[in-house]
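Worksheet: the structure to be examined is printed underneath.
Letters A, B and C mark the chains as written, and numbering starts fresh at 1 in each.
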Amino acid sequence: MYSLKSLFTILFFPFLLLSISAHSYTHRARAPCKEMIFFFHDIVYNGENYKNATSAIVGAPEWGNRTIMSSPNNFGDMIVFDDPITLDNNLHSPPIGRAQGMYFYDQKDTFSSWLGFSFVFNNTDYKGSLNFAGHDPLMNKTRDISVIGGTGDFFMTRGIATLSTDAFEGSVYFRLRVHVKLYECWKLL
Amino acid sequence: MYSLKSLFTILFFPFLLLSISAHSYTHRARAPCKEMIFFFHDIVYNGENYKNATSAIVGAPEWGNRTIMSSPNNFGDMIVFDDPITLDNNLHSPPIGRAQGMYFYDQKDTFSSWLGFSFVFNNTDYKGSLNFAGHDPLMNKTRDISVIGGTGDFFMTRGIATLSTDAFEGSVYFRLRVHVKLYECWKLL
Amino acid sequence: MYSLKSLFTILFFPFLLLSISAHSYTHRARAPCKEMIFFFHDIVYNGENYKNATSAIVGAPEWGNRTIMSSPNNFGDMIVFDDPITLDNNLHSPPIGRAQGMYFYDQKDTFSSWLGFSFVFNNTDYKGSLNFAGHDPLMNKTRDISVIGGTGDFFMTRGIATLSTDAFEGSVYFRLRVHVKLYECWKLL
């Protein structure tokens, strides 16, 4: 009893609605498609700790230098890092990947930074990378940055990472807890 | 003759097809899900204006330095900024947030830059951040960069920001008009 | 008494739920919505090649400088580039755009870098830009970075770019082959 017309209607009418409204509505997320918690550990080069250092100041304002953070608030200091990622808060736990990228201090009147980096995994659990970018007002207990993409197991992913400072010692060591919440997951068939 | 059941069938059968071919078609956007216009103001440190400066050169090529833009075309100069955001083009209007991040000049034969930064809001209208990245050929009247993510009120958002130089004074002050057009909006339930 | 029709209903009713909770499932991609292959060419300033150089070291760790890559593994060196894009592997082919942005070396024990840059096109085939970010472990034969957005013909696009080092001469010249695979395409109506 289905005529050709009604068949068309059946098959394609909803596509019309969909294609029209496709991006006029707001995506609603109830829960992440994937969640993970990691720690990473940053030891800044201070002129005397080359062997242990995992990061180094590579840019600084005119009033700064590359072995001591600039004053006040480290404003303008840019740091490149190659930090171990661990599953717990112990610097000496076996690293399961590297956090590699940069951050710089970008506020004159308090400590705040901006991050552009990747988590790089090549182990039995995860192979691939997660790419992050965003603003990190590090005096706040928690703060969110963006997961802007990924590769391998994290192909095309997007989400949020909630950072918290788990520990710090002066301006030479800090440990960040990273709660990764992916809301857009992709699979390459 | 359409029963309620067959109506359901008519409406939802295509979703099967859709979910299979989900990313073989092109998203069509008619209008942004959210639009906003802001201004931000950048005063570059020149060796004598520390108090008023909102940004500083932190990297430069071998032929440059950190108080004067390199010649020609500022190529290679990298600037970290902490700029006030206002709703109009007046530097002295009450700031409604901060534009924090970096830009660097990346063209040898003209003025052009690349931006990685955030808009950071914490007021009654907006709480959260927008993260931007992209190429800014600043001699063009308007140019588009990407909104690559956001947090808080701008959770997971994506879009385009159209920049225009609203004013500049030499290489020490400039004001950008930013027309934010978000095409992907998300709500966390 | 399940008719064929009601069976259909049973099978596809859940898609209704799906469309409401749109992002609890995983996007499946079979093939890119667009693919392109480009080459770009980087000639690093070494103190003597200003005229031909397409890039320059603008940041370096305390033990480095801005005319020679730091040792070991260039760790901490940050480079701003303005590189020609060609359709084949010949540096002297007519450029079809510019690759503009930065990279920095971010691993202490091997050569590895992180990239933030744009492809900028303004020709008969393409107008607009592609924005990239990601981790580039350059000793690997191929490696993937993220396409985090785009403008113009590449409005709102996302995807992956597979990089391979097509040639290099010491630390002054390298040529990257870039296989761009876009999985999220958008059209502004």
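Following the convention adopted for this analysis, a contact is a pair of C-beta atoms (placed from the backbone, for glycine too) under 8 Å apart; a residue touches a chain by one contact, two chains touch by 3 or more.
The model shown is predicted, which means the values in this text are computed figures rather than measured ones.
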Note to self: chain A rotates onto chain B (CA fit) by an angle, in degrees and to the nearest 5, of 120
For the copies chain A and chain C, the interface residues, called same if over half of the numbers are used by both and different if under half, are different
Whole-Å distance, C-alpha centre of chain A to that of chain B, is 18
Rounded to the nearest Å, the gap between Cα centres of chain A and chain C is 18
Touching two or more other chains in chain C are residues 25, 27-30, 58-59, 78, 116, 133, 148, 183-184
Chain A contacts chain C in the complex at 27-31, 33, 45, 47, 50, 54, 56-59, 65-67, 78, 80-82, 98, 100-102, 116-118, 120, 129, 131, 133, 148-152, 155-156, 183-189
Per the touch rule above, chain C residues touching chain A in the complex are 20-30, 58-64, 75-78, 104-108, 112, 114, 116, 133-135, 137, 143-148, 158-160, 183-184
